[in-house]
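These are the structures in question, set out in turn.
Both complexes below contain subunit A, partnered by subunit B and then by subunit C.
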Partner chain A sequence: MLNNIIEVKNINFKYNDSETKTINNISFNIKTGEWVSIIGHNGSGKSTLIKLLDGLVQLDSGSISMNGDEINEKNVNKIRKNIGLVFQNPDNQFVGATVEDDIAFGLENYQFSRDEMIKIIDNVLDLVDMQKYRKHEPSKLSGGQKQRIALAGVLALNPKILILDESTSMIDPQGRNNILNVIDEFSRKSNMTVISITHDVEEIKLSNRVLLLSNGELVEDTSPEKLFENVKDLEEYALELPFSAQLSKYLIKHKLQLPNRYMNEGELIECIKKLYLKM
Partner chain B sequence: MENFIFGRYMPGNSLVHNLNPAMKILISFYFIVIVFFANNYLTYALLFFLCFISLYLSKISFGFFLKGIRPLILLIIITVLLQLFFSAGGHIYFSFWIFKITSLGLISAAYIFMRFMLIITISTLLTLTTSPLAISYGIEKILSPLKKIHCPVDTIALMISIALRFVPTLTDEATSIMNAQRSRGVDFGNGNLVKRIKSLIPLLVPLFVSAFKHADELSVAMEARGYSPEMKRTKFKSYLIGMNDYISMMLFFVISLMIIFFRN
Partner chain C sequence: MHKEIIFKNVDYYYQHDTPYEYKALENVNLNIPIGSFTSIIGKTGSGKSTLVQMLNVLIKPTNGSIEIDDFKINSKTTNKNLKPLRKKVGLIFQFPEKQLFADSVREDIAFGPLNFGMDESKIDSVVEESLKLVQLPISIMNKSPFEISGGQMRRVAIAGVLAMKPEILVLDEPTVGLDPKGQKFIMNLIHKLHVEQNMTIILISHQMDIVASYSENVVIMHNGKVVAFDTAQNIFSNESLLNKYDLTLPSSIKFYNQLIANQLPLNESVPMHVNQLGDQIIKMFSRGRN
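And now, the complex of A and B:
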């Protein structure tokens, strides 16, 4: 069952104090269970797009529908309950004074009873593997751990859509992989749709689809494999090549016989092994 | 400053720690009020007895406690001396220029000293055994009747707890800003007073900017998590009022009755 969970039609948005449109006539659909990466330079409108999807800022024109319901001021709270947002800076989304208080914050807002909260908090702490930090204060956690708690707080509400706004950009690679694994597992299990704004190629590799924004316009809607093959200069899109692509580019430059296409780490290892056997 | 314990919280699991925070705050205020009813040695002795029991039950070591309130001694001594030299009445023992020591002065100095000790002991005990978060919960509970007159008590309590939660974050940031400015040649803590105050500007400006940024992003994050000040919220934290709360309330009440009975 793959119907559209998000339908965006001809949306436009301009901030009051800016001359140009931040979002310029964008349309796209996202299917249930898809993992979509949104990429583009700083100021290309990625974060604004996310805020529009969550109803945090109001559209100038066009329409956004979630599950068939068009977002308007009346139903924005109901729709927001289905969307989990994890932001970039782990410190600026930690509301509670301890880990469990923070996870409870969202549940309190949606009026869960205390017994339900205890059960849910227990579950999500297991999910992000932070059970033993339950009573800890945020200042005693690392950036990656704080981000895991932010994720737990969002997953506690069992959202249909998870939006990551450069959520892994401020934490170390290990913490990042950890979080991405949790999200990957959870989204498969519960058929959750994931939208992630990112500059990180490893994160893009996890997605089914990539949307490329530039100056408020949607310029590319493609798959990660095609993106890595076609785009000659990833830096043009504020991206770094994945490690495997960087390595194969370097090896080709040094005149090794490798196929000139994007390969993931496993494929590259196979190629290098074959090459080694020939020598 | 390190062993200055006034206003600090010491985590623990004693009878006093586990009392309901709202109850504890109310009892402390009640105690401070009855301190002013005491006016002879017997009533003061009763109050000290009460303090001693509370301190004993909190499992905080007596020596640690005394050492902790030592920095406040100077304040107490100055007040006591003022009382001693400037209060008139009764028999005059000693007189020099405007200073005189009188029998009434001696007695009121002794009372002032005891009042100070009692109030400091009970309020230090309150903050030592109650986490800042529990205090904000207690304040919320105590103020909750004000909801009837549309006072946003929940919002105020949430504001207090968020402010407390950001204290360590901002302290960390202040440290790193200070280090960054030091590496650019700013000299903190040297020179005369004006110079020192001036050197705080390169610390305070970035700190304020970053505090505003935190506030801005936090408000978006809170909204995204479904927070709206108008909406009803359920409560995760709850402190029950148990048997011990009633017992301690009774104890304080009985002692206060005794004080009213025994005072002259």
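And now, the complex of A and C:
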């Protein structure tokens, strides 16, 4: 198996009506099975980047390869079959009259027998904990439930690459953690690569790697721990500081003698404790 | 305005009288004080959105009734004469920008007020005022709502609701899909409307840090029922209650609990946001050890 499932080289992209490039000379590789978070402020180019990866819009220059094949007009449909894309707002994605019809619809292009289809649908509805809603109309479900169904529909196709565009944003935090764990397990089992656009600090911490975009450029390609250490002013990129960093900042502003570097929660507690015991 | 919004024994069934009928709300009894900032929390699918859609009579109770000011809504209520109520209660849906439709921002914001009978001559000043509230430049007025950024579209959609000058503002996950800076902007705006205009705010959110920071009251919903209603302070001090309904603690309280577990004497009620926790820690140091 190829080590890099995705290779992105010097890509550029500009929308017709825009004066500036939405994607400005970005290069990176993603390894098979890796979980990569893509972060950055609204309008930084995140969504455009994943549209380029899925071949929904075409590059102005540069190249994107999947499994060693460079994406072009001829092979884009074939390559896209490897990719499961879940958008933020699943209303735009539903076609079936019931939840199970909707998932079945995606499977119909793949020559499964009826029994196989039922088995797959069962399995993915279990995964996202929506079994009891299989006869429900997707449009009548809550935002978070819709997101679960959209995810189930994509997992049913067993994609090599799962791309999430803030696809769990409306699920409650506890439910989101469960879903992220399900995706993680699924990814380990089938060596599925995960690319996820997110603003959620907890989700960023879960991933293997983080790409930070700003104004169409890749400004940081690093691990989650390093990100919080390296990026001096996350807020400048419209990102939220982890809670421990917010608290440190407030305490330092109020003259508590804390080191001026990123500490995770455990480190900050140790630091406060030491300081207190020294008094 | 009466003092409370009253839900009395409210049930709601989706796909009523079909084989797929299911109960989305069950025997909801709830009194929300007018002038309060009340948040509704609960797992995905617990009935939160269904509940708030009733405030604007987008759906009516299958059983039971709702009282808002002089209006009493039940299954028999006709859609006639609801305009004054719908003007009073502004409802901002999930992804409100999906509902933008007009050729210009101005037209979109003006739609509601015109629909509620506002005089055409007053429209421009109302549109300008609303844009100011959501801090968008007046020059955006003539642009198409589809050529501005997602964050700006969200603000235009909110401006359209504010232009109707609602007394009660209901928001269903207003910050979803915005970056943290955009989220902060929207929450500060809602807070301002509450404090400066005494607007009643009813907020649905999954983000416990936001709920704890801004709310006075919190409602917990579970499987279509209201299972708790109390001050935010009381709700978030009750960890076993939150655990029971799979809800997470705000970050400030999680951190506070860890400090307490490490024998640090904070000696105060649980902090609702990061600055409150910060103040408690500073105070602990200024008290010194004894």
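As a convention for this text, the second predicted complex is superposed on the first by the 225 of 279 C-alpha atoms of A that agree within 3 Å, B and C clash if a C-alpha of one lies under 4 Å from a C-alpha of the other, contacts with A are read in each partner's own complex, and residues count from 1 in each chain.
Simple rule for what comes next: a contact is a pair of C-beta atoms (placed from the backbone, for glycine too) under 8 Å apart; a residue touches a chain by one contact, two chains touch by 3 or more.
None of these values were measured; they are calculated from a predicted model.
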Quiz item: In the superposed arrangement, does A:43 touch subunit B (first), subunit C (second), both or neither?
Solution: second
Practice problem: Scan A:153 for contacts with subunit B and subunit C and give back first, second, both or neither. | Solution: first
Self-check item: First (subunit B), second (subunit C), both or neither touched by A:199
Solution: second
Quiz item: Just subunit B (first), just subunit C (second), both, or neither: which does A:71 touch?
Solution: neither
Quiz item: So, A:30: does it touch subunit B (first), subunit C (second), both, or neither?
Solution: neither
Exercise. Kindly classify A:170 by the partners it touches after superposition: subunit B alone (first), subunit C alone (second), both, or neither?
Key: second
Quiz item: Touch check for A:137: first (subunit B), second (subunit C), both, or neither?
Solution: both
Practice problem: Determine, under the contact definition given at the top, whether A:246 touches first (subunit B), second (subunit C), both, or neither. | Solution: second
Quiz item: Can A:6 be said to touch subunit B (first), subunit C (second), both, or neither?
Solution: neither
Quiz item: Which residues form the common part of the subunit A surface touched by subunit B and by subunit C?
Solution: 89, 91, 137
Quiz item: In their complex, what parts of subunit C are in touch with subunit A?
Solution: 14-15, 20, 22, 42-46, 48-49, 94-95, 98, 147, 149-151, 173, 176-183, 206-208, 246-248, 251-252, 254-255, 258-259, 262, 264, 274-275, 277-278, 281-282, 284-285, 288-289
Quiz item: Quick one: in the complex, what on subunit A touches subunit B?
Solution: 51, 54, 56, 77, 80-81, 83, 85, 87, 89, 91-98, 100-101, 104-114, 117, 137-139, 153-154, 157
Practice problem: Enumerate the contact residues on subunit B facing subunit A in the complex. | Solution: 132-133, 161-162, 164-165, 168-169, 172, 213-214, 217-218, 220-228, 231-238
Quiz prompt | Residues of subunit A touching subunit C in the complex | solution = 17, 40-43, 88-89, 91, 135-137, 140-145, 148, 166, 169-175, 199, 235, 238-240, 243-244, 246-247, 250-251, 254, 256, 265, 269, 272-273, 275-277, 279
